[in-house]
Amino acid sequence: MRPSGRAPDQMRPISIEPNFTRHAEGSVLVGFGDTKVLVTASLEERVPPFLRGKGEGWVTAEYGMLPRATHTRGSREAAKGKQSGRTQEIQRLIGRSLRSVVDMKLLGERQITLDCDVIQADGGTRTAAISGAWVALRLAVNTLLASGKLTVDPIVQKVAAVSCGIYQGTPVLDLDYVEDSGADADGNFVLLENGNIAEAQATAEHATYDEEALLRLLRLARIGCTEIFAAQDRAVK
Amino acid sequence: MRPSGRAPDQMRPISIEPNFTRHAEGSVLVGFGDTKVLVTASLEERVPPFLRGKGEGWVTAEYGMLPRATHTRGSREAAKGKQSGRTQEIQRLIGRSLRSVVDMKLLGERQITLDCDVIQADGGTRTAAISGAWVALRLAVNTLLASGKLTVDPIVQKVAAVSCGIYQGTPVLDLDYVEDSGADADGNFVLLENGNIAEAQATAEHATYDEEALLRLLRLARIGCTEIFAAQDRAVK
Amino acid sequence: MRPSGRAPDQMRPISIEPNFTRHAEGSVLVGFGDTKVLVTASLEERVPPFLRGKGEGWVTAEYGMLPRATHTRGSREAAKGKQSGRTQEIQRLIGRSLRSVVDMKLLGERQITLDCDVIQADGGTRTAAISGAWVALRLAVNTLLASGKLTVDPIVQKVAAVSCGIYQGTPVLDLDYVEDSGADADGNFVLLENGNIAEAQATAEHATYDEEALLRLLRLARIGCTEIFAAQDRAVK
Amino acid sequence: MRPSGRAPDQMRPISIEPNFTRHAEGSVLVGFGDTKVLVTASLEERVPPFLRGKGEGWVTAEYGMLPRATHTRGSREAAKGKQSGRTQEIQRLIGRSLRSVVDMKLLGERQITLDCDVIQADGGTRTAAISGAWVALRLAVNTLLASGKLTVDPIVQKVAAVSCGIYQGTPVLDLDYVEDSGADADGNFVLLENGNIAEAQATAEHATYDEEALLRLLRLARIGCTEIFAAQDRAVK
Amino acid sequence: MRPSGRAPDQMRPISIEPNFTRHAEGSVLVGFGDTKVLVTASLEERVPPFLRGKGEGWVTAEYGMLPRATHTRGSREAAKGKQSGRTQEIQRLIGRSLRSVVDMKLLGERQITLDCDVIQADGGTRTAAISGAWVALRLAVNTLLASGKLTVDPIVQKVAAVSCGIYQGTPVLDLDYVEDSGADADGNFVLLENGNIAEAQATAEHATYDEEALLRLLRLARIGCTEIFAAQDRAVK
Amino acid sequence: MRPSGRAPDQMRPISIEPNFTRHAEGSVLVGFGDTKVLVTASLEERVPPFLRGKGEGWVTAEYGMLPRATHTRGSREAAKGKQSGRTQEIQRLIGRSLRSVVDMKLLGERQITLDCDVIQADGGTRTAAISGAWVALRLAVNTLLASGKLTVDPIVQKVAAVSCGIYQGTPVLDLDYVEDSGADADGNFVLLENGNIAEAQATAEHATYDEEALLRLLRLARIGCTEIFAAQDRAVK
């Protein structure tokens, strides 16, 4: 029995509110249950130094957690003067995930930065961020297409992510904070709509796991991502 | 004529949505027009080292701006590794303003931290933050009173803040970004409901000003704060 | 009765020793009683990136306090690896104050940096710094005029600053450390010789104040600045 | 055909030289082909603050790369003043991997730090580090057992790690630098001798991959780890 | 011929003004010609962690250069966020030099910090700092003796320092900035009044040197220090 | 009697293993007894900004100590976020020492960086580093000569370094850690093969010393460096 009463393969309610803020070229407030992440996509007509003059674009991400997004207040990374290893690991994952569905030559020499700021945390912030970031990116690219700056869509696929884990011996989908804290193992899966995998990660927290469990987590992730793809569709319509 | 069409002594619409997030002891989303600030009040049963054992509490504030709260993306302070002088100046102002209405002996040896994070910026973020922070603080202290941890209310007054400035020769209330960028002088006034002043600041940006102008800005601030006090009342009811 | 025995509207002795060091284009040791600040004006034939090619100059300031300028030793900011919020707030104020009396187009594409280093502190270091910085700036600009690099004086006014506050219920001028530590409210006023205001700031420390008090502080500041303007005149003669 | 001429399921020569340095409680120089990592295990009779008084131990890791371990010189992280996101991600992985095979209650209130410093890099530095770290940890724990400080062995399993990836369409084992730079996807697998998985990670670099590929990478990792377990056995004998 | 017209073994005028500032337990403004260093000695009734409970005191030093102490403005270390290697090397030298003449057991568990801040630089700032620091230390210890906190003087010797170098082939004493910039080799010698050496350093800048030259530099240093010891005597009388 | 049983003028065994790693243009593992330092020479076809366009090259050094090179683990400088004063002092010394034997005009506009990383420490790490760095530099320059990029050898001399000190009243050569910790005075001497001095430093640690002692230390250093020069010869053959 899950603490939330959900079935093992049941996602929390997914909400994706597009255009949550007005300055960004794309923005959403994405929610996986009580986890709420504001994602903005910012378009700049320049690329990082290592790409200059190559005719290719870049997609990158930054991640932050508001100090009181969590049950107890965490210290502000800007005040501490550095981003934690966890923050850097997450923002690298988000950037890689989104780049896996963008044709950089079609994007041209411009950069899109996805800022993912966690307003409220209840487990799965990085997967909510990836899933919402795809919508923010979609909205930002739509403005490029609408304005005629782009004529061919550089987004080649839909991408979504969800966490899965083994909680009290049972593989479950979309862990909330209580499950996440006590899980034997947990993982994050970043999937494309065509079924391909952009990233699979599964980590033993309190107990190692076998190959069968890894496959079961992946199957759960497929179930969850199907639901997220539908929510992304609704949000961009 | 103001760019927004407002009268010189007209505030933007004020919105204060209480309990915007669920983990903090107090939280609001405060809006002055398109300026939106999330304020959370976090209660901790400890005080900073300089106050330990003195039987007094502490109220402090931190301030941040999401990278794409603004028209063009700013860099993330956590990634740069330090808070700007502007950020530090603002968070010191917010902390001082709220402390001016709290009786620290009545609060007892506990600390309340007000995190003010700007979700969307259109001028006046620090004054919206102060005005919203009072509500978040009020909500947090209410939980202390409700739980019996406090029996006497340590909040002795209501406090609100608003910006005023001289725009194209005319003193105006509650500057938005367009006015703020072009103002000859601007200031921030932090007022108590009894009419007293907690902080008055007025700075020449493009032109110095005379005593008459200073008084006119203060009068405008009184008009604005009267409206904010009413909005605070509605939010905590 | 003030601890120093001064009358409420009495400044401490003002001393401004020009050319205190020899390398800087302008330098002074300014004293307000026991507060001693070394100010140097350094001229560079370049401007910050945001002004390049605009035909305008820039005036900026940095502020520091020697570790044992104070009653008990403070830690060295260079050793701690960052400037405090207080330091940044003060240096921003000094820079703004001096810029309010310089015509940047007349200055041309060059930058003058005012380094204000407190040798000994007894309250009012920022106002002594501003008042001395005007003289250092004046001396540096004089060398530009003397050398023919400038033919029209870009300094359009004299600027001075002084602190005022409410000490034991009485508004007093030019607070020393003892008064500053115990004041109910204190403020800093940056005034031009023509009577205009460049900056007015008044903060409740232990008690909020009313409009009448604000005006009284401003009147005291006018008295003090009149005396400072005379001292500036003597120093540059 | 692999650039090195190896078969797809062929490891590079594995070398594990125990006691490479003399001060550490455990130390090895581990080589996967031209990748050489010095790992030391340092024992301290204290635990981090979050574990004090709980009767449990801790195992953690730090990772570094000498500036000229690589083909072209990289900048020194100590000189830049911060560790990269990549460094932090790797040292978190190493620490988690080793903790998965240690019973912290049996270890008691002491900490073992595994310093993994890359002397020469040719792909797979993190997996060589994990594989060598187990031996360094084994040697350090042996000294505890020999001295009588521990009577029951807290190391419950052997752990090893290897990278796998899809290179020019073919899943291959133990990527060297040339393969790593050009792989479509690559991953790191941390396996226990009993076949269980401590960590599985597979990332699309230039092309996403399907479930079949993920399983094939895992099978290759099992082949590689079998060989590493044997090398670990030889090293600790 | 030296640029200043001095004889090879001629010091610049030495000035040591005691009690230059009023808060420090000891303070001097020391001048070697145009080099001016403010040194304060701050007494604290505590020692660094590594000495706690050992019944011994500590003497340490910090060094800084005001941004415009030099011919062209240097950046402020507090603003850059770190002390340069040169700064750290100098403050370590000053600390060691002063510790060489203090009996730490006699000092007891207290720390004296010597802050050496260069007001104006013209070569030899570290040697002027050491020479002045001895006087500041002497004054601070005198207050301990006068107050009865100490009954036996922990200062066992006088220490002074001077730079020497080989300028255009000739060994010269007390290099000024012009000589220092062009010297083939230069060195710093820290000597005790009894003739002993606390520190000898001589570095080839543009040309290596032989043993004879090293000895000649040491002889010059003895000449200079004799003069400095006399100036120290005058300052503390 | 020395703890190691060595005669006062006896070096520890010197080992210099060339080409210890494969990517660097020059590399050695240098050992003075149990002190082991890996030195790599990295060649870059660019110079620092202050030398651009001057037709001259640059030689610089960086120094690091692996956390468990020492008897007890030290913290990692990259994790602490800054290099200690000791580290910076040492790397400045290494750079100066090597520059003293290179003709920068002959080297041309290219930079050679000597990375000196201490694998195991037992006293004398900086002198081992300098002595080994000359060999790494020699190897790197040899590749330039072999490739025809240079036709005239820019290395004009051999340079070596050794520590000497006064241990229990006796001047001794090449201090190991036990001697170094307890020495009354110690020093580092950087000598050229022609007998000239590049750097002489001798510091009183627990007792000041006289001129005779300084000369004796220098004589010991000559004995040690003769042996090091021979080892350098063997390594580059």
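A few notes on this one:
A, B, C, D, E and F label the chains in the order they appear, each numbered from 1.
Just so we're on the same page, a contact is a pair of C-beta atoms (placed from the backbone, for glycine too) under 8 Å apart; a residue touches a chain by one contact, two chains touch by 3 or more.
According to UniProt, the chain labels map to these proteins: A, B, C, D, E, F = Ribonuclease PH.
Just so we're clear, the structure is a prediction, and the values are computed from it rather than from any experiment.
Counting only chains that touch, the fewest steps needed to get from chain B (Ribonuclease PH) to chain D (Ribonuclease PH) is 2. Graph distance from chain D (Ribonuclease PH) to chain F (Ribonuclease PH), where chains that touch are one step apart, equals 1. Against reference pair D-F, the listed pairs B-C, E-F or A-B yield one interface repeat, A-B (criterion: more than half of contact pairs the same by residue number). Taking CA atoms, the transformation carrying chain D (Ribonuclease PH) onto chain E (Ribonuclease PH) includes a rotation by 120°, reported to the nearest 5.
Taking the mean Cα position of each chain as its centre, F sits at the greatest distance from chain B (Ribonuclease PH).
Computed centre separation for the pair chain B (Ribonuclease PH)/chain E (Ribonuclease PH) is 50 angstrom, with centres defined by C-alpha atoms.
Chain centres here are Cα means. That of chain C (Ribonuclease PH) falls 32 Å from that of chain E (Ribonuclease PH).
Separation between the centroids of chain A (Ribonuclease PH) and chain E (Ribonuclease PH), computed from CA atoms only, is 59 Å.
Inter-chain centre distance (chain A (Ribonuclease PH) to chain D (Ribonuclease PH), centres taken as mean C-alpha positions): 28 Å. Residue positions of chain F (Ribonuclease PH) touching 2 or more other chains: 81-83.
Taken in ring order from chain D (Ribonuclease PH), whose neighbour in the chosen direction is chain F (Ribonuclease PH), the chains follow as D, F, E, C, B, A. The touching residues of chain C (Ribonuclease PH), when paired with chain E (Ribonuclease PH) in their complex, are 21-24, 27, 34, 36, 38, 40, 42, 44, 62, 64, 66-73, 76-79, 81-83, 87, 113, 115, 117, 119-121.
Against chain A (Ribonuclease PH), in their complex, chain D (Ribonuclease PH) makes its touches with residues 82, 84-86, 88-89, 91-92, 96, 100, 187, 192, 195-204, 208-211, 213-215, 218.
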